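Down below are the structures I want you to see.
In the two assemblies presented below, chain A is common to both, partnered first by chain B and then by chain C.
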Partner chain A sequence: MNFKHKFVFLLPGLIVLIGILIFPIIFTVRLSLSGWNSYNPGLDFVGIKNYIRLFTDDPRFWESFFRLSFLAITTVFLQYIIGFFLAHVVWKDIKFKRFFRVLFLIPMMTTPVIMTVIWRTFFHESLGPLNDFLSIFGVQPQWLSSPGLAKISIIVVEVWQWTSFMFLLLLAGLLSLPKEPFLAASIDGASPFKKFMYVTFPLMAPISIGAIIIRLIEASKIMDTVFVLTSGGPGTATETSSFYIFIKGLREFQMGYAATMSFTYLIIMIISLTIIAKVLTKVLMKE
Partner chain B sequence: MPKLYTFLKYFCVILWSCFVIAPFLWAISTSFKDFNSVTGGATYIPWLQFEPTLDGWSVLFKPGSQGGINIIGPYFNSIFVTFTASFISIALGTLAAYALSRYTFKAGFVQNNDITFFFISQRIMPPVVLSIPFFIFLSTIGLLDSLAGLILVYIVLLMPIAVWIMVDFFNRVPKEIDETALIDGCNPFQAFFKVVLPNSIPGMIVAGLFCIIFGWIDFFFAFILTFTNVQLLPVKIVALNSSITPWWSLSAAALVSVAPLIIVAFIVERFLSKGNLTGALK
Partner chain C sequence: MKLKTFVSTLASVLLIGSQVAYADKWSDQFPHIAATGDIPGMCSYEETSKKDYSGRTLTINTHAIPVMGEPTALHAEQFEKLTGAKVEVTHTPAGDLYSKAMVPFQSGQAPYDIVFGFSNFINDWKRYLAPVPQKYVDQMTDVTASHIAIASWGDTMYQYPVDGDRHYLKYRKDVIDNPEMQAKYKADTGNELRVPQTWKEYAEMATYFNGWDWDGDGEPEYGSAEVMKKDDLMYAAFYSRSAAYSKNPRTPGGFFFDLETMTPLINNPGFVEALTDWVEAVNFVPPGGINFGLGDEINSFGGGQTLFSFSWDDAFVAAMQDDSAIKNQVGAAQLPGADKVWNRETNSWEDGFNQAPFFVWGWAVGVAGKSDNKDMAFDYLCFFANGANHQADIGIGRFGVNPFMEEDFKADVWTAIGWDAQVAQEYVDTLADMEKSTNRVFPLRVPGTFEFNSALATGTAKALAGQLSPQEALDEVAAEWTAILDRVGADNVRDAYAVGVAMEDNEL
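The block that comes next holds the complex of A and B.
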């Protein structure tokens, strides 16, 4: 085949994507070396001053990063367990299979930020239905204004929202599995539990890895939920990296420093996601 | 033992179903309340526990000058931006995915997989990282607070999804299809547009659905990059969430805004049950 054609197919997309992105990326790097803030807007050059500040003098950034890791890993883990269970149940014949499939898909179709607004009223301490229900047991937890419960609230909303995406990816995977291994296992008289452990789960390993990585990528961007539900509060108890960068950059207008954090954060994300992908591949593929 | 298992299975499924439905039921109930029935504590059943009114719904369609919220403009903005950006992403993404699936590229150490990864890796970018430079970029070229500016940004969000789904899809379309067309005397473009493309419609629909979902549910870029000229639906609704929140109109607006995509859930399920989605989503 003539080599010219392939570029006609590939290049429009590639050029548009690079064309839109090239300025923002270069600009972020340049901005991170400047002291742009609201008193002094402009691209002056301050060297690596911002990076020194980030690495030596800003525990809040690193706290928000570890908080983000905790939230992302917890929510994705829960989503994987619940999503796999639900997908496995509606994979085979149960009553109203298609009804449940549609129902389980719905949360991912809804706008997170809008559903979070609803969740916020749901968690409301005196007027919300959750505490109304819990008052039967005589407790009135402060869902959004105590540090521990605020984290749990965010986890609940994230799990509600995104388990359906995990469910979709895993169900699509289950439906694409070949039939022969299951037939062989049935002939050998394997119990349902053994069938799951030795046939279904290993066959699903590559799909599981893909789904977990995709969800980790998306979960690392948690922002909408935090923004509406708690605004990072109480204090900084639910502040994630994205939210902290947002505050510094677009609320306090320390653009230069925010760019430094953005760039550092991006590098950390790319490295850690690559490592996680490699480790997961090793662990899940071996079983 | 099997009986216990079946019972547990249904129990868990129904429990999860309740969890999924709960916020919707709460929103539906709240949307028919007024100030007094909201501040009086949590109530659920209309007529029995509170007197339902349509205030929360009617205020959505009144212009701002009459104390309304008027979500119709933002609604059409959202639809326009989502569909345009999805269409462009699918068109460009499908072409690129076809090239990546059928031809070999090599430039130094860069190969097909690396180019595919480059496309998909754009999803790793946290919106906040891009928002600051995009803000300055769009204001430089005069597209801040405009539909065109938002569409540009959404293409970056959506094209990775289109490429991801379409590369997998084309990898499963047998190569013989295009080879036969080429032997029959088509040039590569004719082979693509006349033979491959008509066979790829299921894949493109799936990719399109995902682009629409992820375009429709975005909030952050619309929040940062638009102010008053152009408002998208999520921004408009979140703006209601201020100190004195009108829970009733907020709930009504939320329901109106999530309704269209519920239809998408039905379509996705159809594809899933017919087996068309399986390869497209691995």
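The block that comes next holds the complex of A and C.
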């Protein structure tokens, strides 16, 4: 087969790749160099003016980025701990194992926006069932009105919704582990705790890294929960990068500037996730 | 002579009789207009039924249900039955109406024949909208002059009038006018319990009536329900609170900017005083009130949860519906004033009572210039706002359709749907007095309106959440407004803003 034939076979895939991946990125870069907004539509060329604005005159973007980092790391850490625990529980031979496996997957199968609306009702300070119950004890926390509690509310919803995904990946990992190391540990008289620490956990390291990275990528795009639950409020207390970009792009219609933020954000995420993956590999695989 | 009178009377009776029969025919099929039946006109049920749009599809982007979204869908369904057209209605949250139309506008497409938004979008949208054909403008004989003006830019009408909005005060009459409550309030505070004249009085009363069961329903009530949720029209609530402190009738030439220099005035002491009041208001709204959007405000006041509210008509009308527990127990009044007003020329406070109504104007709707169905689209809008639909719509609070026709300012219209005569009179007097005021504030209608309002919402939301002091928050907003002016061009903004300033200064 000569070169031309190979190229013909590659062509459909290449066209799809260019169409759905390369073109949008190139267009975003071009858009980021324009001043496209509501009163000046079109791809004019403003050079790196938008990038200068982003790096020198927009603390709100960076605040939202650090807030996002906090929310993403916290939620994924909690999802990993809880997901691993649940996967470990149903990995063993317990009663109603199948029932629990399906039960733990239900949150992931629900529609995030709908579930967040339900959570918002649940957290509603004057009409919600949670405060109705807590009022028995004389407390009525401001779940969505206090900057600190609003962040916790988002974390709760995210953990509830996506722990299932972590559970699924980790359970699949546990089910694929070889039996021999566990038999050897049992013969050596290892306790369940030691078996977990010295056999299960190290063997699960590659799967754990994959699951954490996948979830971090997803969590870094957190938008629907914030949009429905708090709209970024109170104030800007729960505003994340994607929500801020959404406001600038699709609310204020600063398309050029929103593209600048999107592209910068993409670069930051690629770099930081690469570093995180390397650090996790180094720490977990070493053990 | 007698014969002539008899014949004339007979003719009148026959004419009225024929109209009643005519009305019954349509109200049987469309119970929505049961109270009035069809009302003759260019776009009545009768006339619309003569159109044949079979095989054609009309697409509409409107607000989420219920506010404006529900009447859009209802009239779409009626229009389908009458004309044979297929009408596809898309519902969009308030914050996304602007971009949902702008994206296709700017890319030269028309996925929606009709787009709903707010009247202050007109400057950004007008170049993409089809002018309203003269035959429709000519039949708008009952629409108030101010609403014809707001739907137009220069001599061309771009937005079809379907709504007329203004912010005013709503209060619980059964508390404020109650002699026992008045005596109790006097004994406890030393002050008179009356319709609040100033925002300070408003705060004192709202604080007093916050967190206890003053209507005996077994649930605690609260002081005030306000739109405080960021990006959910909160900027309009802030302008309402600011007008009394910052709109000085003796300093013409701009409320938001100094028209001459285009310096933002948003961080002057008048606005800061208003924001300081608003931050205090966080203490007397219901739990979670800091996250109240318009729908929450309507439900809260309309459901009897608070003593006061101010914003659009919807909460008031909701409270006056037949299914309301507080029907005929609410009152309307102009927005509270202030005991002082900022003079930006002398840079000092002027003592003395000042009051300034804020005209929000409200919902607006236009037809895309690139639409292939302009004829059908304008017929739909004309049908939407026909006499019978309008009469029925304004009586349903959640619909968000508010008075903009001369007829709406007559108390009879409201007593006919079960309002107490005194409440109805107070309501129409409040609206009429605002129309007559010479110290009014109108919304920004300049290029980049959304950016200015979004910056204000962010700044004020930070102050309400305690992230910044009122002065810091408004300094941040002023800096952002200056940056927006640099991007848009101060002259571009000035040209558009001058139109609004001329209206505020009573020059138009």
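Methods note: the second predicted complex is superposed on the first by the 271 of 287 C-alpha atoms of A that agree within 3 Å, B and C clash if a C-alpha of one lies under 4 Å from a C-alpha of the other, contacts with A are read in each partner's own complex, and residues count from 1 in each chain.
Just so it is clear, a residue touches a chain if its C-beta (ideal position, glycine included) is under 8 Å from a C-beta of that chain, and two chains touch if they have at least 3 such contacts.
Predicted model, so just to flag it, every value in this text is computed and none were measured.
Once the two complexes are laid over each other on the shared chain, residue contacts for A:Asp57 go to chain C alone; chain B is not touched. Once the two complexes are overlaid on the shared chain, A:Ser231 sits against chain C while remaining clear of chain B. Of the two partners chain B and chain C, more chain A residues are in touch with B. In the superposition on chain A, A:Ser126 makes contact with both chain B and chain C. Once the two complexes are laid over each other on the shared chain, residue contacts for A:Val76 go to neither chain B nor chain C. In the superposed model, A:Leu250 makes contact with both chain B and chain C.
Using the contact criterion defined above for the overlaid structures, shared-chain residue A:Ala87 touches neither chain B nor chain C, since it reaches no partner.
Applying the stated contact rule after C-alpha superposition, one finds that A:Ile209 touches neither chain B nor chain C. Of the two partner chains, chain B is the only one touched by A:Tyr265; chain C is not.
Of the two partner chains, chain B is the only one touched by A:Leu171; chain C is not.
Across the superposed pair, chain B and chain C both touch chain A at residues 126, 131, 249-250.
The touching residues of chain C, counted against chain A in their complex, run 95-96, 98-99, 102-103, 106, 124, 229-232, 286-291, 305, 447-448, 450-451, 454, 458, 461-468, 483, 487-488, 492. Taken together, the chain A residues at the contact with chain B in this complex read 1-3, 5-10, 12-14, 16-17, 20-21, 23-25, 27-28, 31, 82, 85-86, 89-90, 94, 98, 100-115, 117-122, 126-129, 131-132, 160, 164, 168-169, 171-173, 175-176, 192, 206-207, 210, 217-218, 220-221, 223-224, 228, 241-243, 245-246, 249-250, 255, 258-259, 262-263, 265-266, 269-270, 273. Against chain C, in their complex, chain A makes its touches with residues 35, 37-39, 41, 57, 60, 124-126, 131, 140, 142-145, 147, 230-237, 247, 249-254.
Contact residues of chain B toward chain A in the complex are 5, 9-10, 12-13, 16-17, 19-23, 26-27, 30, 38-39, 41-42, 44, 88, 92-93, 95-96, 98-100, 102-103, 105, 115, 119, 121-137, 152-153, 155-156, 159, 163, 182, 187-189, 192, 213, 216-217, 219-220, 224, 233-234, 237-238, 240-241, 245, 247, 250-251, 253-254, 257-258, 261-262, 264-266, 268-269, 272-273, 275, 277-282.
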